[in-house]
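Here is the structure we will look at, set down as structure tokens.
Every chain is named by a letter (A, B, C and D) in the order it is written, and numbering of its residues begins at 1.
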Amino acid sequence: MAGIDLSRRLVAEALGTGLLVAAVVGSGIMAESLTGDTALALLANTIATGAILVVLISILGPISGAHFNPAVTLVFVLRKDLTAQDGAAYVLVQIIGGIAGTLAAHLMFALPVLQASEHVRSGGPQWFSEIVAAFGLVAVILSGIRFERTAVPWLVGLYITSAYWFTASTSFANPAVAIARAFTNTFSGIRPVDLPGFIVAQIIGAVLAFALMSWLLRIPSAGHIPIHPESSS
Amino acid sequence: MAGIDLSRRLVAEALGTGLLVAAVVGSGIMAESLTGDTALALLANTIATGAILVVLISILGPISGAHFNPAVTLVFVLRKDLTAQDGAAYVLVQIIGGIAGTLAAHLMFALPVLQASEHVRSGGPQWFSEIVAAFGLVAVILSGIRFERTAVPWLVGLYITSAYWFTASTSFANPAVAIARAFTNTFSGIRPVDLPGFIVAQIIGAVLAFALMSWLLRIPSAGHIPIHPESSS
Amino acid sequence: MAGIDLSRRLVAEALGTGLLVAAVVGSGIMAESLTGDTALALLANTIATGAILVVLISILGPISGAHFNPAVTLVFVLRKDLTAQDGAAYVLVQIIGGIAGTLAAHLMFALPVLQASEHVRSGGPQWFSEIVAAFGLVAVILSGIRFERTAVPWLVGLYITSAYWFTASTSFANPAVAIARAFTNTFSGIRPVDLPGFIVAQIIGAVLAFALMSWLLRIPSAGHIPIHPESSS
Amino acid sequence: MAGIDLSRRLVAEALGTGLLVAAVVGSGIMAESLTGDTALALLANTIATGAILVVLISILGPISGAHFNPAVTLVFVLRKDLTAQDGAAYVLVQIIGGIAGTLAAHLMFALPVLQASEHVRSGGPQWFSEIVAAFGLVAVILSGIRFERTAVPWLVGLYITSAYWFTASTSFANPAVAIARAFTNTFSGIRPVDLPGFIVAQIIGAVLAFALMSWLLRIPSAGHIPIHPESSS
């Protein structure tokens, strides 16, 4: 954003991605330690993730745009809202911040700080899930900033709340978060070897959404939000 | 909506209904696979459905009106907000999109793509439940667009969140979604043979709400929302 | 509200109280039938109730004020926002609507339509709970309409969501809803003989809140909402 | 706030902290009595706490600023928004109100009014958790009042909802609430001897957030909220 120096924006991206990952990983650890019912654990994980997304996008969006996600940053570079160079810096600090978030969660829960996940997440249905998850996420962001910018934090939080359940992969939808989750052998982890499949799928989903929404949103009058069409074509 | 071509509106209706059904069916599959407690499974199903409704109506409402529901489209045709011809096109793509949503959920969860539900949902109490469910949904939409248009996505999402629990049918309230759910033999399915009873009940509920609200909302000054009456009759 | 005839306002109060009670009673029946874990049943009951409150107050508030509660109507009569005569009519239709809501829930769940609860809810701690519950509810409403009128539906829904859990009585806080719940021998019922204690406690709580908030809210400049004091006394 | 006398502000702080603690302690008692699943109990505790925070900050914020928390009051004194003398009075009534909230919860649930917790909460990971919890809380408040003041009640409620799960300490993040929770030997209690460690950690977290956010928020144009940067540095 004009007038905000890159250093503050990068701190915001790193801080936001770090807190997001700490919430995802930490709530998974807490939930798994308190119940034997996996659905209940995922529900707690979902609520913690959805809630912190609303918060972090609200408080850091005005500084950096609150991407916290290389796939989202890529889309804003494609839109020319961000230079490729700044985008690369965003991605770098997102990854660093995300890994720091995993380590912080381990410290809070008195677990070994350095871990590698053994949680298998692979195969066509998982990859298709990630394509759907990232497609939906980018569609929500692009339509949200077009029609009702102040609602974007809520829409993203609610979308991920839902997508945790309707995708078989629990909707990572974020390469930086996926990398950070490879560093924890707890509830929310993913094997390092499964990362490439997830990341490729996420990028495919994001680019597909960018293409579709570029066409779908090429309409007049974005200023108001009617609930139903007032005339036929 | 004036100025938005029918093709974009139909894509929005198909996409929205598809994602809605994918969320309903997919979260049911996920929940059922993770817990043996049916109430917990329904709670996860509820949260995933309510959240995605808020999101989809927010991001696609400005394009097509975000009906995703033939009973709602019927009401807007009765209100003359939509021509009968456009309404028929809406209903067609809602049904197609909804079925695609079921198939997508099956693909994500590595299940046979084509299924037929064996879940019995029939009888007077179930039909009465669907009348109540659709009545409430249409009442919420009509009052919402009259008094506080920007809140409509939230009101619909919260209404369905509640109605999943207070109706014995878990509140389908939507013929296109009901048809799509006949194609899955998982948590959220309905036997094809039980569809007619549900659809008739949904249309009855929608038309009753249209009639009552047309009278109830025929009041002056819709511009502001007082919380209590300031004078007696 | 000036210009809205009493007949529409009374229909709104009856309809709203009826749907509220149908949600409370119906979701209790659904939850109890699906799980043996009482906390999970109460959680589902809570979410269904909180969500429908946001919806009903939003869609019917502009018509009748959306009291749905004789204790709230009493406070508005004390504030002279409503005549005693209109207030009496409100209370009457709230009670009738509430009972109809219980019967509708029984019909939807294929239960005997007429029942009497055997659920014991009595004694000092229960009554103290209802005083606290109604005190909080009225405080929320009076402060809400003073500072941020459009948020009132949300504040009431969230307050009840919380109070279901932090009061030992699960926060009935509403004489009309209490009477209606005496007509169901399911999860959310209350013995008819326990009604007087609950209703007296609710009225005490409501009047105490009216007294305290009348003093607390007698401050200048209600138009904006600062988050912290800018000067000392 | 200019024009609001200290007596009203102190009553608001005491009332708000009291209701907050009653919600935290009361919902913990209720949940623990209804289920043997600790994750489910914490989920109910979380929802009750998050919901009441949104409500209390909304209805009392315009009167006292709705701190309910000595660590937050300290930050506003550091910002010179509040005199040290007024801040001390705030802290005193927060502590008194909080303890009264615990006693009220015991009365409602028919438990011995005076108790001392035996719940051990100590050690480095717990203290680090409280540093993170208070850091996040103060960061949310400071950024929230800078960018989107009316959203602050929601952001705080959602932040605590998430932090209950992603910190190993369940995110007390509040010295007055911690003191009050030492007076209950139920779900949400903390041993009196563990208070100093928690309180020191909370103050450290709050001051760290104050320092970081003072730098991060020193940016131009606070009036609008762009979602992404429009130019590079």
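For the reader, a short list of remarks on this structure follows.
The rule is short, and it goes like this: a residue touches a chain if its C-beta (ideal position, glycine included) is under 8 Å from a C-beta of that chain, and two chains touch if they have at least 3 such contacts.
Everything numeric in this text was worked out from a predicted model, so none of it was measured.
Counted as hops between touching chains, the shortest connection from subunit B to subunit D is 2.
At the interface between subunit B and subunit C, two copies of one sequence, fewer than half of the residue numbers in use appear on both sides, so the contact is built from largely different positions. Mean C-alpha positions place subunit A and subunit C at a centre distance of 38 Å. Averaged C-alpha coordinates give centres for subunit A and subunit D that are 27 Å from one another. For subunit D, the set of residues touching two or more other chains reads 37, 40, 43. Of all residues in subunit C, only 37-40, 42-43, 46, 50, 123-125, 128-129, 132, 136, 139-140, 143-144, 147-148, 151, 154-155, 158-159, 161-169, 215-217, 219-222, 224-233 touch subunit D in the complex they form. Only residues 1-9, 11-12, 19, 22-27, 30-31, 34-35, 37, 40-41, 43-45, 47-49, 51-52, 54-55, 58-67, 76, 81-83, 85-86, 104-105, 107-110, 141, 145, 149-150, 152, 157 of subunit D touch subunit C when the two sit together in their complex.
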